[in-house]
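Residue numbering begins at 1 within each chain, and the chains themselves are lettered A, B, C, D and E in the order written.
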Amino acid sequence: MREEPLVRWDWIGRNWPSIQSLLEDHVVMSLVPIVVGLLVALPLGLACVRWRGIYQPTMSLMNVTYSLPSLAVFVMLIPVTGLATRATVIVPLVFYSLAVLIPAVVDGLGSVPDHVRQSAVAMGFTPLRRLLLVELPIAVPVVLAGLRVAAVSSISLVSVGALVGRGGLGYLFIDGWQRQFYTPIIVGVVLVVLLAAIADALLVLAQRLLTPWSRARGTA
Amino acid sequence: MNWLVDFFGDPANWSGPDGIPVRLTEHLQFSTVALLLAMLVALPLGLWIGHTGRGALLVVLSANAARALPTLGLLVLVVLLAGLSTDLPVLIPLVALAVPPILVNTYEGVRGVDPDLRDAAYGMGLRGGQVLGRVLVPVALPLILLGLRLAAIQVVATATVAAFVGLGGLGRYVVDGFATNDYPRTLGGAVLVALLALLVQLVFVLIQRLLVSPGVRRRNAVR
Amino acid sequence: MITFDEVTKRYADGTVAVDRLTLEAPTGEITVFVGPSGCGKTTSLRMINRMIDPSEGRVLLDGVDVTTIDPPTLRRGIGYVIQQAGLFPHRKIVDNVATVPYLLGWDKKKARDRAMELLERVGLDLKLAGRYPFQLSGGQQQRVGVARALAADPPVLLMDEPFSAVDPVVRTSLQEELLRLQAELNKTIVFVTHDIDEAVKLGDRVAVLRVGGHLAQLDDPATLLSRPADDFVREFLGRDRGIRRLSFVSGHEVGLRADLTVPVSTETAGLRDTAEPWLAVLDEDGRPLGWARTDDLPASGTLAGVPLAPYGTFDRGRDSLRAALDATLLSPSGCAIAVDDAGRAEGVVTREALSEALDRVAGGAHA
Amino acid sequence: MITFDEVTKRYADGTVAVDRLTLEAPTGEITVFVGPSGCGKTTSLRMINRMIDPSEGRVLLDGVDVTTIDPPTLRRGIGYVIQQAGLFPHRKIVDNVATVPYLLGWDKKKARDRAMELLERVGLDLKLAGRYPFQLSGGQQQRVGVARALAADPPVLLMDEPFSAVDPVVRTSLQEELLRLQAELNKTIVFVTHDIDEAVKLGDRVAVLRVGGHLAQLDDPATLLSRPADDFVREFLGRDRGIRRLSFVSGHEVGLRADLTVPVSTETAGLRDTAEPWLAVLDEDGRPLGWARTDDLPASGTLAGVPLAPYGTFDRGRDSLRAALDATLLSPSGCAIAVDDAGRAEGVVTREALSEALDRVAGGAHA
Amino acid sequence: GGDPLTNTSPTPADSGAASSSGGGGSKKVVVGSANFPENVLLAEIYAQALEAKGVQVEKKLNIGSREVLYEQVKGGGLTILPEYIGSLLAFVDKSTTAKSKEDILAGLKEKLPAELEVLEPAAAEDNNSLTVTKELSQKVGLTTIEDLVKVAKGYTVGGPPEFQARQEKNFKDTYGLEFKEWKKTGDATADAIKDGTIQVGNVFTTDPKVIINGLISLQDTKHAFGADNVAPLVNKAGVDETVTSTLNAVSAKLDTAGLLTLMKRVSIDKDDAATVAKDWLTQNGLAS
């Protein structure tokens, strides 16, 4: 066993095309839940702020969802979404990201200082405009912070899908495991982490670009 | 719902080495050990960094990277490298999973304590350790506990995957149910894990009630 | 004109924040609401722009019941400034100021030009226009808040403790800025504060409210200080009421003695036997140089070589009797030198002259 | 006694916060550091309890260089009060106050008893002892902060803008509380503020610092007001310097005229041809009732039926010349009635008497 | 046609590793495989052979156990699955006693539901086995399953989750074999044997870990596992003449030795199943 080197570089070279297609699959399956999650979390979060009463129940539901093991959910979805389809992986991940994003949206809107909201009202903003032009933009940093966590976990969780036949880079883990072969596993881990790092960096960049007004806020 | 009855109603599932009590105990066991190990690493580190402010950037960045570590990949790698003779290797990915939320929340909790409070504490003649122990930790406690709670829930939920490499616990039902196309079993396993997670939540609410001073208000957690 | 007509506000929990308030805030004047914390100042103010609607009674804006006007429309015509400025953290200063113009559909260029004009008007460096609020000091933010409220040139301005979060020095300069602006713009301003000094300084009329939302007194500041309606108001006005009242008496009230000033070129010889203990010495242009004590004058030579004691001056045209009093108290001679705008001495205010002026004022106060 | 000996503090980024500061804060007195924002007040204060160590020079506590003392030990002997009180949110009020006693190893019962005693002393309801800080108002929290600093009876108290976050009314009462406490306790207090009024009110000595960490002037408040060292200090002291200075002159300085008071039982007949325009009317116990104008007196009967104008009084024992001046300005007669502690009239202060007293003060100011 | 579930997926373009050709054509077949390397390799061989004939292929490899995949083939989610005839028969007919290839094929014909069919089996056999470490084999003298009978009461046996349910009775009936304990070691069975967690494990003789670790597979003298020739299980509705003939051509060339050689490449040389499959197909003139 010891003779098996940790990384066989030639293997990576030879199999790069298939690794690449796994990578692409991984990107799609982790990105879609974040985007869909965000699109759903925004209205839901708004609703939770508007009707405070539904926040707790919604979050309880989300927390229960969050504590369901991903593997089990993947398995149980197969009859609905089909074997080894992207949907099998994407659907549960949407819910996981909701569990992070809804509180982020709610906290984000909560981070709008009351005096800012009041002065928007006093200046004659209609409720919708106030939401779009004042409250949502101010909520951006908090929402983005949530989005970063959601993105990273989503990217990491996709690989579990490999156990039910569709896990992007997770395939490399199964493959390496079966063949007692470290290289694919290491390549997979490194690529997943790299992917997460890139997504994270992009979101940080987005935050910088979107919210120049919040930079160095703490020091002001 | 019939599925649930199929699984929970079967007396065979309540006894023997593959019975619910045994699986539940196993699951609890290694979840607890993993959580304890993670606490052992993350709590002191988080407290220290939050208190001294040293190495904060590095740790926060690497904690986020650790969050990205795919549990499955880590699991198979570790087991391949170290073998299955003990459960310890299997715990490594779980520990890696639990460290970031504990670390980040502990760090944020301590760091976020009003600087005036810290000032007042030093000004009254508390020593560094006393400031940490008597002021920073009690004030940061809600956030620290929240971090622990998130970690615990993630560990409980993710420990399921460990069944893939032959570990026991409730994950067995999920994995075996899938392998034998026995949906009630998978579903039953999932429900048990969710119930366990719920129980963990309850326990933490209780701990919170017991340990956190009513004078301290809650802040937002970082997942 | 803003009219409160028997206005009562009862909150859902039963608190009566405002109790049958009836008053008028005349057009083009600053009306100040002052009173202890919780007396219903904010509540009253917000009933004007319908942030809160009254439980009973009516609030009229130029005779029109505000509840008949759609709130956003109403509010766009009313400037509103609050304590924390309430600036939008995500918008640059210039865009903050242009908020209401944008809302009203002005074109972007015009709105920004207007914003720049206003920034200048409230005394802000135009360099700040491109910054974000967090990059400004508290006082600067407050100025932006005022500029923003003025952007669409609303006839009415509501200000809720706008200057209470900044330090005393900045606060004073903001107050003066506001008075200067108001002299130009003649808005109808309702200003809320819990600081009686601010109220007296800024208000054309001051409404003192007491907890429970009752109007205790409504008067111009001088009357308020000289004739408080009851013990509550007297207590609230605090100490120094007599001295502060002098702020409302023009420096012109006091008589001057020109014979106590002498040019620096004067020979000392002729001055030594004057009955006056002190003389104000002036330079060639008539500006004061200091006080010479007649007893100490040398036998010969001009005043040029004589040691002079520092002097107290006040500007008769601009300053009040209070400043005159202060100047006499600071001056070693017990007399103040009255100067004109250019700083040239017009004469000397003796303590007798001051006393006489004060007698007139005191007499007038209770006439 | 606290001694600053050529103390300089240079921060890592090169900012010189304090520049060769040399001064003494005498034992049992309140020394106030005042100055504009960023002038190094906080830095100076914190060098006393070693929250910051000086770059050069020495800070001595009763002759001992503080850098030779272990910081926690040093700090336990020095009370420290800051703006937001810095109360521990997780501890009940009583335990907050008992913090240092606990640290010093007092037994629990004794520490709590001491805490309760102090809560009472700073004027807090003992019911609050079992509450948590968030359940208290800002002013109450500030009082707890003071109590906590006093808990182990430290000889030295450092206070960094302790009252600047509360509203003016509460602030005044906190200031008075502090003066009352200090009268009992005689601590060595160093007090930081940027409010000159507070400095002048509280300080036995006031150190005015200018930005860059230079000491501009160190004097007792009266001297500071009458003889500011330079334009910076003069500017910083602001307007009304002359009037405010009167606060430091005792009411006893002014002479009284007893002949201007008349009992209410006096027949009017004999009073009508007095030269005096106004007379102070007293009741049987000698307490003032008001002013009667001699010209308007009826031909017969006692003063009992005569309409009286309201009066201004001042307490000669307690009040300053400033209150006397204010009273003369408020009184329709231009004269104030001096009363004793019990409220009985001692005589009348005429404007002439006041003028004379002021002359003495003004004369003294520049002697 | 195609996979309706792929259509419901939020991403329109299905460009993952699990598919090698854009979907959409009505003749597309879906090749699946169970989650062990040999099955993956076989699936690759089938898929590439079909592609070489111009058939549109979607691959869903390394997914799960027979229990899962069988249902999928039956339901049409998968079209083709590499199978092992003996095991398959045991699966569809729990009571079968057939041991020979002919009996098994006959049994399958009878028992398989109408929508399913097993195409021509290859000569290649991949037997299920009971496997032990070399050390244990030498120490106790184990070479056949029969040797195990006398010591098994002290041993723990492990295998995939479905193992106990499938085989416990069979072992007892065929050999009178009873173990102390049954463990579900799943994909870690070979590792478990190596570690000593279990003494005996159910792995395929071609499992890379058997090959890598030099484990000993005991001879199945009484054919408890039955003949396990490789054969494609297909959903009849999904395959046409081209597919059938192509797969039969593949089976005609595939023998046990050949398969073992291929598996050594996959296991030891760590060549990718796809590459190995391609090479074999080229060598045998089944693809260019």
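Keep in mind that, in the parts below, a contact is a pair of C-beta atoms (placed from the backbone, for glycine too) under 8 Å apart; a residue touches a chain by one contact, two chains touch by 3 or more.
For clarity, every value in this text was computed on a predicted model and none was experimentally measured.
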item	value
Chains contacting each of chain B and chain E, listed by label	A
Chain C reached from chain B - shortest hop count over touching chains	2
Result of counting contacting C-beta pairs for A-E and A-C, higher pair	A-E
Geometric centre distance via CA averages, chain D-chain B, whole Å	57
Centre distance in Å when chain A and chain D are each reduced to the mean of their C-alpha atoms	60
Computed distance of Cα centres, chain E from chain A, in Å	36
Two or more partner chains touched - positions in chain E	64, 68, 187
Multi-chain contact residues (two or more partners), chain B	79-80, 164-165, 175, 178
Per-residue overlap in chain C, given as positions that touch at least 2 other chains	none
Which pairs of chains touch, using the document's own definition	A-B, A-C, A-E, B-D, B-E, C-D
Contact set on chain B toward chain D in their complex	114, 116-117, 119-127, 130, 135, 138-139, 141, 212-217
Interface residues, chain A side, partner chain C - complex	113, 115-116, 118-126, 129, 134, 137-138, 140, 211-214, 216-217, 220
Complex contact set, residues of chain A against chain E	1, 8, 11, 14-15, 18, 21-22, 24-25, 28, 32, 36, 78, 81-88, 90, 162, 164-166, 168, 171, 174-175, 177-181, 183
Residue numbers on chain E that touch chain B, as the complex places them	64-65, 67-68, 70-71, 158, 160-162, 165, 181, 184-189, 191-192, 194-197
Complex interface listing, chain B residues touching chain A	64-65, 67-77, 79-81, 153, 156-158, 160-161, 164-165, 171, 174-175, 177-178, 183, 186-187, 189-190, 193-194, 197-198, 201, 220, 222-223
